[in-house]
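What follows is a set of structures to go through.
Here chain A shows up in two complexes: once beside chain B, once beside chain C.
And now, the complex of A and B:
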């Protein structure tokens, strides 16, 4: 008699069928189609012609390299601050003080609530005349008069980063907290008996043991940040004067607002190329960690 | 026992937690305060935390000024529920296949599913838009449900697979030897035992579906009858003068369902989100 899980067997493929159909139609085919469109002059008109690399030449002769640079700069600041704030948050919430279970519950809301709604609240807070941040900063005499945070290029650039950090930090915190808690307390106790101080134990026990989690989260966070659309779109729509136009925003504006599908697709393909290199690195890292834990 | 915190360290820790949580929670507090203020107090200088005549008026007037608010909330809830059901329908059998069966290309397929997590919806928006247009799904609930589910399926498979791998296979094998069909085993053996895992996946999917209703709804819909709440509120901004107290009141009411789910089920949600941080 055939065993339940053995081969040869088409049954497992049948089990995968619903998931495969949905993801093939909604993700895989559009991905292929994006590549094809990027070599055409597709737009609102009914016909499309093959144009070779013309779209790519066109975008690279324009401001596109600047957009790539801006995207990476935006992402680098946002991700590194998320990791730093998140790690510190996890350390604080990992300390054995009364009330910590309650504090932990309070960390998640920015991640749980609809992203767009969180961003609406920030849009109000950045208001220069009546918003909270400008108001409190004036009260503390940090700024002299009303400051419209989304009004100038520098302000808008860093304001969108702050909102992105606000949304991304809870996930980093909770993830690293879970990693810290999986460390056996025996390790700390043994080190303590040997006279190791708290900072020393953090550097020599906690940090090395959560390093895989930090690396994983850092990379995932980079991928999510790279894909971030809602935050910038709601706050600034990529402005003022393109100061917050990242690759995703640029693609959306080209394709959906200006109906230049071909050129938009070429931009999307560039995004996919960057993302796949992150993804490749991610899988490589997972494999390395798996190997290392097997070797032990 | 291991060394206790000194008083100074305690103060430092609480201070740190205080600053951290202020950053996380201040926007919600501010949203609540603004929702209580009358409009003329919102637009007043200098900024004051507590203003005169605070009341819950905005929570009542918003239903008149935005007649479709109920509809937006219902749409959000309805779309998220449909996404969850559709995703579960795809996730449960797939997770079982990946956890228990040997077949050609299994690891590659699992990797391909995970790779979907890397691609954001905005990247694929052009062909998706054309696809929805060509099959006539623009301005229908399906244009939000299908993409919503597709992007949440991979995480679901990953979570449920690791749950199923922890369940001993003896039960399935016993049912198989007794002559039960595979589908019967899936329905009557696997699903009941895996229920806690399925619940975690369902909650995580629902919250994800509720949180991410913006891009697809904004792009594939021009009919305001189908707007989920975030896109509905986004309309407030198009007006001459933004009615901030009502925007904040509507936002907070819209947050309530997920917040309630989170407070009651936070243990499961956090377990679902952090799977992978902890080595098994």
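And now, the complex of A and C:
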């Protein structure tokens, strides 16, 4: 970069320097350190040795592939439902209904309430003996006796997803609502004058214009869901029989509960690789989609 | 001239600070779990007494919540900044010792003899004592006398054998609105603890004195089968329950029986008409219980190791420990102490917890306790959910446990 006088102008670089230093310290250094640890046998003992790819070989020789599959399945269901419910919620909150402002506030509590408190409430609701869901179901004669939602593998798996959707949907709703509000009403009015129906307007005007927002939110939601720890940990601790053990839970158990820092770091690196690949694929698809839209 | 004055002044200030720090007492950093409501005053008094006879040292207690205290001490030690003493579950001591993070304790013959032998088993590895027991618990069977009566059982004759236990649970389930027994099978540490009570009352073991995994035994297969069988007379979905979640069920008379430690007496209070009895005995066992101790571990690298060893020994010496146990409501570590007889006399329910000490067994002492716990819990859950036979589950667990011995 040169100044108008032709001399190199280092001032812009100086302005960037603090941000660069912060990024290096907060993001790059821990990442590099994690990668380094993943090639060592770091554990409780004060010394550590270089072990090459041994940690990676070890994790793939056990249940890790199963954990990876479960993580993606858990994430796919949760994110899909969050996006669908969130989009529907945003549409409702964007329409002219009485008390709209009140409903817009009402949608926020799952996001505002501290996650741990919200999850503890869900844990209580899932209880078969004292919980609300089982109680109501018994009252309505849907089930004959108490049902423990966290008491079997399938029940626990889907219960954690439901809680994750409850916590994650408000953010999707509010984000997409903001995107919808940025669309000029003139477009809808013009289409309406031309006789376009509600669904047609949504498909041909709203959806294409909020697509970038959906893509961004989908990606962010996928990353958050992939890394969702507290919901599963509080509800099931990864059980029963590993039915809710996702990659982040598996990493925590290895690195923190069992103090196998090297093996835990290898798992963390796998998470970074998966999320980076996922994000790359997602953006590639988005680009392709945008090209096709322009070609039409 | 002005600069010279500033430099001189700074040197004087720094010098006085250095002198002051040199004269300061050496800090003994102690991490304890929870808060000072359980024996805190006794702790403080004993530490003050030790400081008085050991000038130059100052104790500094840091209370850390139960969920984080052991992780904090371990992480500090692993990062090279250990506390001098930390309150640790004795099950972690072998792992800490193997990683050269803690000191062993030298006890005299007299000091060793003051403990019941099974208690020393909870802190001994490779012939060395790695922690001084500080808190101790045994388990017994709590039962609801009113539910026993409603089910046509004698409320003054609690089950003594596994057969009687199952029959009583089945009768309660069949003849009352309650379930027979509270069963813990969640992915949590006390699921394995609950199971170990059955292992030790049926002559089983996980790891023997030579350090060999002996989990795959006929006794343990029988125990696993019985645990699975109990699920048919327990509360629905035992996999969703750890021991703590059974307490409200017992207090609401939704289960007829459950196993817990002496703290269960105050947790239930007069919510129901309860009794407590020694654990029922399996077909191939003798009376027993799981012995769990938490200990004072002295960490290497604090710079005050010798003083910390001295302080830990002082705090857990016979009379001081007894005073602490009375204040904290813990099972006495030394059943022969004169105060124990008074405890029994004042509260006969202590009997169920004290009598089983002699034949109790320790938590399995391994190098990766969490790994062991996960393996055994996996076996328990597979049987309770009916997804594996007891024999297969025990065989698989025994194979997996080889990694952690």
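Just a few scattered comments:
Everything that follows uses one rule, which is that the second predicted complex is superposed on the first by the 250 of 296 C-alpha atoms of A that agree within 3 Å, B and C clash if a C-alpha of one lies under 4 Å from a C-alpha of the other, contacts with A are read in each partner's own complex, and residues count from 1 in each chain.
Methods note: a contact is a pair of C-beta atoms (placed from the backbone, for glycine too) under 8 Å apart; a residue touches a chain by one contact, two chains touch by 3 or more.
Note that the structure is a prediction, hence the values are computed from the model and not measured.
Touched residues of chain A were counted for both chain B and chain C, and B has more of them. Of the two partner chains placed by the overlay, only chain B lies in contact with A:31; chain C stays clear of it. By the touch criterion defined above, A:145 lies against chain C but remains apart from chain B after alignment on the C-alpha atoms of chain A. Applying the stated contact rule after C-alpha superposition, one finds that A:129 touches each of chain B and chain C. Within the superposed three-chain model, A:44 lies in touch with chain C and out of touch with chain B [touch as defined at top].
Judged by the touch definition given at the top, the superposed model places A:256 against both chain B and chain C.
Of the two partner chains, neither chain B nor chain C is touched by A:246.
Within chain A, the residues touched by chain B in the first complex and by chain C in the second are 129-130, 146, 256, 261. Residues 2-3, 5, 10, 13-14, 16-17, 20-21, 23-28, 30-31, 34, 42-48, 76, 86, 89-91, 93-94, 96-97, 100-104, 106, 109, 111, 113, 115-131, 146-147, 149-151, 153-154, 157, 169, 172-173, 176, 182, 185-186, 207, 210-215, 219, 229-231, 233-234, 237, 244, 247-248, 251, 254-255, 258-259, 262-263, 266, 269-270, 273-274, 276-279 of chain B are the ones touching chain A in the complex.
Remark: chain C residues 71, 74, 77-78, 80, 95-96, 98-101, 185-188, 235-241, 245, 248-249, 252, 254, 368, 370-371, 374, 377-378, 381-382, 385, 387 touch chain A in the complex. Across the complex, chain A meets chain C through its residues 43-46, 126-130, 145-153, 156, 236-242, 253, 256-259, 261.
Those residues of chain A whose C-beta lies close enough to touch chain B in the complex are 3-7, 9, 11-19, 22-23, 25-27, 29-31, 33-34, 37, 85, 88-89, 92-93, 95-97, 103, 105-118, 120-125, 129-132, 134-136, 138-139, 146, 166, 169-171, 174-179, 181-182, 185, 188-189, 192, 198, 213, 216-217, 223, 226-230, 234, 248, 251-252, 255-256, 261, 264-265, 268, 271-272, 275-276, 278-279, 282-283, 293.
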